[in-house]
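Chains: A, B, C, D, E and F, in written order; residue numbering restarts at 1 for each.
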């Protein structure tokens, strides 16, 4: 379990500086059965991630000698302020869920060497137990931790053909709130943000994915530049926190 | 948080006596937004329960002056030893899920005075985060705790027409393993049980629901009687543990 | 075709004694194509059962040398007082349907020797043509008759590795109506029952499945005991009626 | 119950003359609850029809003063030689089912005076219990009988604004088998028919619906003319059988 | 591109004679990728047809040496005067869509020699871009053109075992509007037609499929005869237009 | 209809310069019924857009005085090199479709003044008839044209409370192919791109939405900057082409 320490005073709802993360915690091994698992918390946002390893790959990839990594994101019905109906009950998965699941999968695959992974599949299940903004970026950041544990598990089995991880992955949301660029928005900030941008980078700070949306007015290049800087810097902090968590005694499984 | 203390030696896989519960914990207020919430643990079985209060009742009940209580049960994909596909992805809810959701709803409704509840609905979401046997009975036992907190919330709002709770509810599984009746089976025991029986009682030990199944050979009346005794006694212990948890300082919401 | 004869006066809506079955009829061979079929009637409740035999077993069981028995329950839209929408039109199967299908399947599997059945599957389709209470127990009781005919069909083909039936199965509903325990409730009684209990036993009176629910107040052990006695006695009568029906000239297929 | 008597020798599989119907039976009042019901049999084809009356009309028709008649067709899984999966289990209704439901609805609506019916809906459920060819035409022919009983029920309630039936409806299949036009094909004939044509007429022999398909080679106008003649003549016999059935003592409901 | 020229004055909404087609155009090769494609227009009705060739046949036909032809029909949401919801969004295909897809598939299969086609599948996708009556008959008539191009493509690959086309197929709607039989109804006429009949014939004028419906009163044999004559004559004109289009320089793919 | 003229030589598969658009065409009024419609072409990519106007807004927005704009994206089965199954047939909408529909809706809403629009809804249906890369950006660019026509239609009806368009919207894809940044990738380029970025801007060049993905290696800030420049410049050209198309004689509806 690792936490980011506050660095400066500010006028944000929870007193953070504009470039300050919420308290971030990684609790590895939260589940007994999963080959990798972590309860990741960004403030009140809590996402439970399970990495499930299975031999073999989807049909369209068989015989290629290449592995596969995929992800599914979901939210418990009362993760939010008001209850949402279950997608299982509605009988269909919503667009937002689909979109985020795809984003998480792409982000993690960006640091995978499929050949080294061999014909193994790692499925990352990211279930939001409580939502307070930034669930998708918390999920990506936590999923990397679970993924590294799952790879270690495969290595322990002698099931790898090399080092499957080309680097680490971090993600954070940035946005413009009341005219000012801020890092790691909570729900209150997110609801009133004028611009909302999710930055996914690798451990060297290069971009894996960027998704920005003008919630109100379109925004100019100067804002874009500020937000990218803020996001990359936040991800560097997250990379350090991930490392600290992963360097701790491995979970007991 | 409250736990059952072991009482006697035994030959069960985890060393429990035949009539001994696993360690049982109730963590109230695990969620910030739900009007009642509890993380209930029976050993390694962990179920997160959220009680959501909403004004009004389903269409078929409107204008009756009567309230409603309902439940949904689900399991995270990696709650179990091997991953299961999500029901949202499959696009349909399985028979087991339906069956358990209905059981939980009926069990809690058995102690509700609809008139006192007024035209309010309490939705109980029971999500299994980790499964090690007895998830449905843990869900019922925990849901009662969340339900009592949700009723207190409604009382605080002055939204009730009286005391909506006619009593408490507890549930536990009992079964015959290796020829011997045992209480509160874990997954290993459950997998090899010859008889599997779920007992739901109210705080006075009267039956709310009984569901018994011969997994192997049909069983006779003497076994039935032993199992009912064992289940009723286990539920009495659970009632005490519920009370201790509920008498603790209320959660901070 | 076989019928239960009334035995004593009573105050039940249809004049039956508390421990008296409705008139029960089994019409074997109601369908021309099914390997076993029966129209079973418990008073005005009519369930058409078709047992379909097929070579092979579901994928997860292949190569085991073991057979399989499964069941599906459904109700015609106007089996009831008011029309219900079709589940095919709604695009999903309801919880009640799932629950009953599973109960029927488990009940019949309790008397099957899978090894003797060999890698054959028997599918029991139980379609309620008219519902007047007790449809699930009528379905189980009738399904046994169709199952025995289907096994005889397999025996005739020389497709069995032994006797696949370990015994017979009967089921009946019992309940508390106006404070009194009664056997085989019709719809009117069922609607006002305080306790509703379904008993499934084998031909020797041992329990295969018991499901009891307090519809109103929780009930005590003395009531439980009375209901179990009543149900077991009713099943013994049903076993005799099944035997008479099965001993008649076999259907013409 | 009314039956068509054979009129001439032939070489058809069941010994019928080319222009001869199978034995046709109408058992009115087969269900206790439906406002109209009939078990219609064309030889071994058995369709159970329930006419359900409800006050009011679908949303798009409200306030028009006009009634509505609609139909749903379905087949039990083992109505046929080999078992078919349930559409409720598959979660979707097949094209054939949709097509036949629509045909039945259109055919019956052709003889309805919506104004006289008033804002009432009659739902015709046509469930094939056993299929031996001609299920859709048997369903239409039987549905008319159930519809007339349902209208009588509405008349008895004083709920009509006039006579809602403009005439009667009959339907039969005709086809070319082994080069010869024949009436009312059973399954064996249907399977090898070169042309398959369904004729729906009103009681005066005028066309309500005609659907003809070349199963093998396209067919010429002379064949079309023969088939239409054969179908119209067959429907005249069916009209007489319907009348006899409807003139019998009304069912007991 | 080929067009039907008007032949006589009339009182129809668009000034056509009763036996006159709308302007009919076939634009072959409208799509770059499909093995056959055509944009067919009957006046303002525009249907885009793609014929997709694939090696192999559906599972149930494998190893038979026989080919397969199938069709799917759909309509863009704003093909019509008012927008309709997408069937993909509704999650289910409507009865009308199913019915028309099946009709198109049957009609084209009527002129296919499966043996000559070999184990190849041709899938005909018929998407209505704009609807002004007669979309299903336009789809059939256009699909034949795309099918012939797809067969030529297969011939070019040397993938055929003979000539797979036994003839051509045309289809047109006829109906009774204001008491008069007319050919090729547009939407305005279709909406007020008393009788609506679709005629599908092969190039020699023999019937492949006939579907007639009394929209208002049932109709007599004399009307039936007139409509069949009108439809067969219209199809002969369509056959000539198809031929002209197909004899033009082949599309560039 | 308006087209972009090539400006410089290059080594791209189709001979374009790195910063050169494909030929872009807008055919307004392609549909007779839609209040706004355009067939937009970016080279071989063709998307048909229909803007449907309806009075009123979705339930959750009623009584607010605010309008609504939403979009749905779909692809015909044979828009691509190989046929894809229809989502209506699969019974569910895929993640990619959901994601793009949401992107288009958000992009167009960025330039809408909901108050000026009043309680009217504009639904944008974007159906890809042929796909050759860049379908989502072509859809956004074309949808703006259809949206402006739909707004003109509403203005003509006097149904607006002001000018609902705050500006125009353009979108284009940019990417890194063989190490070089290029504008408006076709399918061949898209398939081998190392980075893929979609830029949506308003008429003043400010960002509405940016979505970038590393398809291979993560990319650095310098590449990001180049791609953003390229995209903004491409959108400026598209804005001019939109204007030319919109300034032409309005479509005939």
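In this section, a residue touches a chain if its C-beta (ideal position, glycine included) is under 8 Å from a C-beta of that chain, and two chains touch if they have at least 3 such contacts.
Since the structure is predicted, the reported quantities are computational estimates derived from the model, not experimental observations.
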item: Each chain counted as touching chain B and chain E at once; value: none
item: Same or different residue numbers at the chain A/chain F copy interface, by half rule; value: same
item: Relative orientation of copies chain C and chain D, as a Cα rotation angle in degrees, nearest 5; value: 180
item: Taking each chain's C-alpha mean as its centre, the one farthest from chain F; value: C
item: Separation of chain D from chain E, taking each centre as the mean of its C-alpha atoms, in whole Å; value: 29
item: Separation of mean Cα positions, chain D and chain B [Å, integer]; value: 52
item: Whole-Å separation of chain centres (CA-atom averages), chain E against chain F; value: 33
item: Interface hub residues of chain F, defined as touching at least two other chains; value: 91-93
item: Chain contact topology (line, ring, star, complete or other); value: ring
item: Successive chains along the ring, chain D then chain E then the rest; value: D, E, F, A, B, C
item: Residues on chain F engaged by chain E in the complex (per definition of touch); value: 31-34, 37, 44, 48, 50, 52, 54, 72, 74, 76-83, 86-89, 91-93, 97, 123, 125, 127, 129-130, 132
item: Contact set on chain F toward chain A in their complex; value: 92-96, 98-99, 101-102, 106, 110, 167, 197, 201-202, 204, 206-214, 217-221, 224, 228, 232
